[in-house]
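First chain written, first letter: the chains are A, B, C and D, and each begins at residue 1.
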Amino acid sequence: MTDVQNRHDGRGIKIFRTGVTEVCLPFLIADGEKVQQVVAKIRFTVALVDNLRGTHMSRLMEILTDWTQAELKISDVEKILLDALEKLSTDFAAITFAFKFFTEKFSPVSQKNSLSAVDCVWDAELERGGRMKFTLGLTVPFTSLCPCSKEISDFGAHNQRSLCKVRLTFADAEKLSDVSIEKLVRLIESQGSAEIFPLLKREDEKFVTEAAYQNPKFVEDILRDTVLALRRVENLAAFAVECENFESIHAHNAFASHEEILSEVSS
Amino acid sequence: MTDVQNRHDGRGIKIFRTGVTEVCLPFLIADGEKVQQVVAKIRFTVALVDNLRGTHMSRLMEILTDWTQAELKISDVEKILLDALEKLSTDFAAITFAFKFFTEKFSPVSQKNSLSAVDCVWDAELERGGRMKFTLGLTVPFTSLCPCSKEISDFGAHNQRSLCKVRLTFADAEKLSDVSIEKLVRLIESQGSAEIFPLLKREDEKFVTEAAYQNPKFVEDILRDTVLALRRVENLAAFAVECENFESIHAHNAFASHEEILSEVSS
Amino acid sequence: MTDVQNRHDGRGIKIFRTGVTEVCLPFLIADGEKVQQVVAKIRFTVALVDNLRGTHMSRLMEILTDWTQAELKISDVEKILLDALEKLSTDFAAITFAFKFFTEKFSPVSQKNSLSAVDCVWDAELERGGRMKFTLGLTVPFTSLCPCSKEISDFGAHNQRSLCKVRLTFADAEKLSDVSIEKLVRLIESQGSAEIFPLLKREDEKFVTEAAYQNPKFVEDILRDTVLALRRVENLAAFAVECENFESIHAHNAFASHEEILSEVSS
Amino acid sequence: MTDVQNRHDGRGIKIFRTGVTEVCLPFLIADGEKVQQVVAKIRFTVALVDNLRGTHMSRLMEILTDWTQAELKISDVEKILLDALEKLSTDFAAITFAFKFFTEKFSPVSQKNSLSAVDCVWDAELERGGRMKFTLGLTVPFTSLCPCSKEISDFGAHNQRSLCKVRLTFADAEKLSDVSIEKLVRLIESQGSAEIFPLLKREDEKFVTEAAYQNPKFVEDILRDTVLALRRVENLAAFAVECENFESIHAHNAFASHEEILSEVSS
């Protein structure tokens, strides 16, 4: 049967990325000692040399299907990409996994436990002969309370759910096994006016309400505190932060973003 | 050229609705004296008799395209449906338009004006020989402040953006020209703890913050007050209400829904 | 600490549904012999009597959190609802779980296996003293090929990805343990022009292309064939079907929907 | 009334972008001779110096509200940004408008006209003392037909709706008045296997079906042809292209992306 993809192409364009996207598969994700099954949306692409017409996309699906059976640590993603380099005869491969990751939360007073979901993205690239460049994306919810509203009002202060979205690029692929998603989630959720919880009894609700009122923060305050916190994270080459407050007094959102390069990614 | 749709079908099933969906077109919507251009997502369907294989969907697109030129009042929707009954030789037609509708808002103290968008849905059905059954959907934002949080906390109270989604089915097609989207939006947005605005100067922010604090409402309170308000709307045959609070202390929402039938739709 | 929710309400409105929505939690779902972990979006609501001001929503979160530990069959959902009736002192409870469910697929020629996701919804209601009313929602993808395009064209025929969305309400709660999600998915996906697969080698792609070309179907054909198939499913009280073709020759979709009541739900 | 935003901040972090997002407003967009009203989602941000605590976001809303009254050409966006630099006392401002833009389409044989929507994004940045950097985003639908499927199958070929998403950064702000959204849409939609149309009569459907069958293209072919076409567009400093085929034989998509820098943006 003819291999149409394998035909010569004369347009002289090396394609940066070609592959599959919106693939939905379950994976077993290991974070520290804990393992959890996640449902991931995946984009899996490779570079295509300038003289070939197409990629063999079914091979990308075969690689992915194989890995749904195994436990997957961040450092294992490099093996998936090496597999792609070889099976697709290319010098660059990239993969993005996006999934809900659950962490345990204990209510602040009643200590009742429940599970909280954060949006997690694993974004990895590999050039032949180099080391994987890995970026972790986390979108973490908390509450924010407006310092201006608190100060100018005789009582109350508007507050709202907020999301902080970080992208963390690590410097040294050797140390990726030290990355703890759970610890990073804890670090980020402590930058808002107060943490939020799936399960709050009355005494917990009083605690969260008062904690937020005593810790008013603009979206700019949350952004700056998150920047200060991320500068202290080990093994970071770069980070980007976006904070968004779903303003309770508007139908639009307040937003702030920032990014910094801290060091080179070693390759 | 063969008309494959027009062939005989032997499965004996009359299809309730067949047509086009996710059509995107601009329309000129008239509400009272005011006319505004909207961008609508449209579903346009007809019944199909049991002995024909398919509908002629391009005729639905032709009807829609014709109406993008004209000014469209709610009562005109019946003409679109009559057009469909005739051009598709059927005894039932239905159309749904979903669009952003803008109303003017004046900030409560500074009186600065701005434009506020609400999600608006026009949902209409017509059986041959009858009158159009029309349902208006509106999704209106406001702020809600939690009575429990206010009472149990020494200071502050959690509050958040909320959406109230109503569906109003009118009783008498003759009186559809009396429907004012803008007035109904006003009625609904006054059921929250406080109205919200696109543009708030400091004196306005103080006003909204204090107004919400002085008017705490559970999602159930908002629902009940909306039910009481809707019972007084003229020409209603039925309504459904859904309220959703985007809780600032949780990553999930508080929700309440209700529906009532008030009278028959006259046909 | 004051129980504000528990206060008397004088508006005289019994609320149909109040509770939590957009809750995200992992569950272990059992389908026949197989168990899989899913990530579910949940709406969990109860009725509220006319003389109480609010529901205790944290109790709904406690019930849900307890069930994330256990294996959950469809018939177990009744236990969750009974729990809600008791812990929230109400006479009606309803719950909706929406999640991706994976089934194994073997490519038609190469027999390579992979995992295919379908959108699955469990929708259950319980009135005190009655039996659970259960509706299963499934959204299943396949390919459709247009009979008109095939017949009028000298070569080729437009085809596209399609989704068939069914909602199946079962008659007898006693027989819910016989429901097989996987079998129902198989039944529905066989109603398109051809099944689709996550992983297709060249010989499989030839097979699927030719299979679709030899089995052209309008959206109305798919709807009618699905109706015929569902009429033969055991223990159904009612069903609703929506088919949508993501037309390759338009930016909008072709759509057809239908519903039938087959018997009473026994209670 | 205290100006809390205006207080001194000691964290020493200059914030890249802070402002409002998810703002929804109507605008009158001029493209060549034609003017159309659009409904835009807007992100409007400014830089914040390192020693101030917060931005005055209501001023951004005032600027936006003023411009909803006027006709807006691409080159006018610089005036909005200059307004922001001045009213917010900052040295950097950025704005993104995302909206549906309609172009007229004439069916290929019957010549019936209809309106086709493309997703359009205006993305502009201005540093004090420089010229606006402007990027136009367009997402254009067409049909793609698989060359492999056509060649290996005895009859038929799988085809599907595809989207091509380009981002075009212009080199010279002086020449932005020459940009024609409509012409760029035409250029991009001609890179697929065949153009698609909102309204197709039978003779048109035959035309589109046969045109696609005679012009099979992989997602990589479409990407490369789009790259060749964009290299010839005048006044481009850089472009990025993403093509996505909503595969009719899979539930996931085929994807390819590429970007090139052609020249410096003059400032």
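By our rule, contacts are C-beta pairs under 8 Å (C-beta built on N, C-alpha and C of every residue); 3 or more make two chains touch, one makes a residue touch a chain.
What you see is a predicted model, and the numbers here were worked out from it, not measured in a lab.
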Using the touch rule from the top, work out which pair, A-B or A-C, shares more C-beta pairs. A-B
Which chain lies the greatest distance away from subunit D when centres are computed from Cα atoms alone? C
Between subunit C and subunit A, distance of the C-alpha-averaged centres to the nearest whole Å: 29
Quick one: subunit A and subunit D, Cα centre-to-centre, how many Å? 26
Rounded Å distance between subunit A and subunit B, as computed from the means of their C-alpha atoms: 36
Check each residue of subunit C and list the ones that touch at least two other chains. 1, 23-24, 117, 148, 152, 198, 200, 202, 206, 251-252
What does subunit A use to touch subunit D in their complex? 1-2, 4-5, 9, 11, 13, 15-24, 43, 45, 48, 53-55, 57, 147-148, 151-152, 218-221, 223-225, 227-228, 244, 251-259
The residues of subunit B that touch subunit D in their complex are 1, 3, 23-26, 36-39, 58, 61-62, 65, 68, 99-100, 102, 112-115, 117, 198-203, 206
Under the definition above, what is the set of subunit C residues touching subunit D in their complex? 116-117, 141, 143, 145-146, 148-149, 152-161, 194, 196-198, 200, 202, 205-206, 208-210, 212-213, 246-252
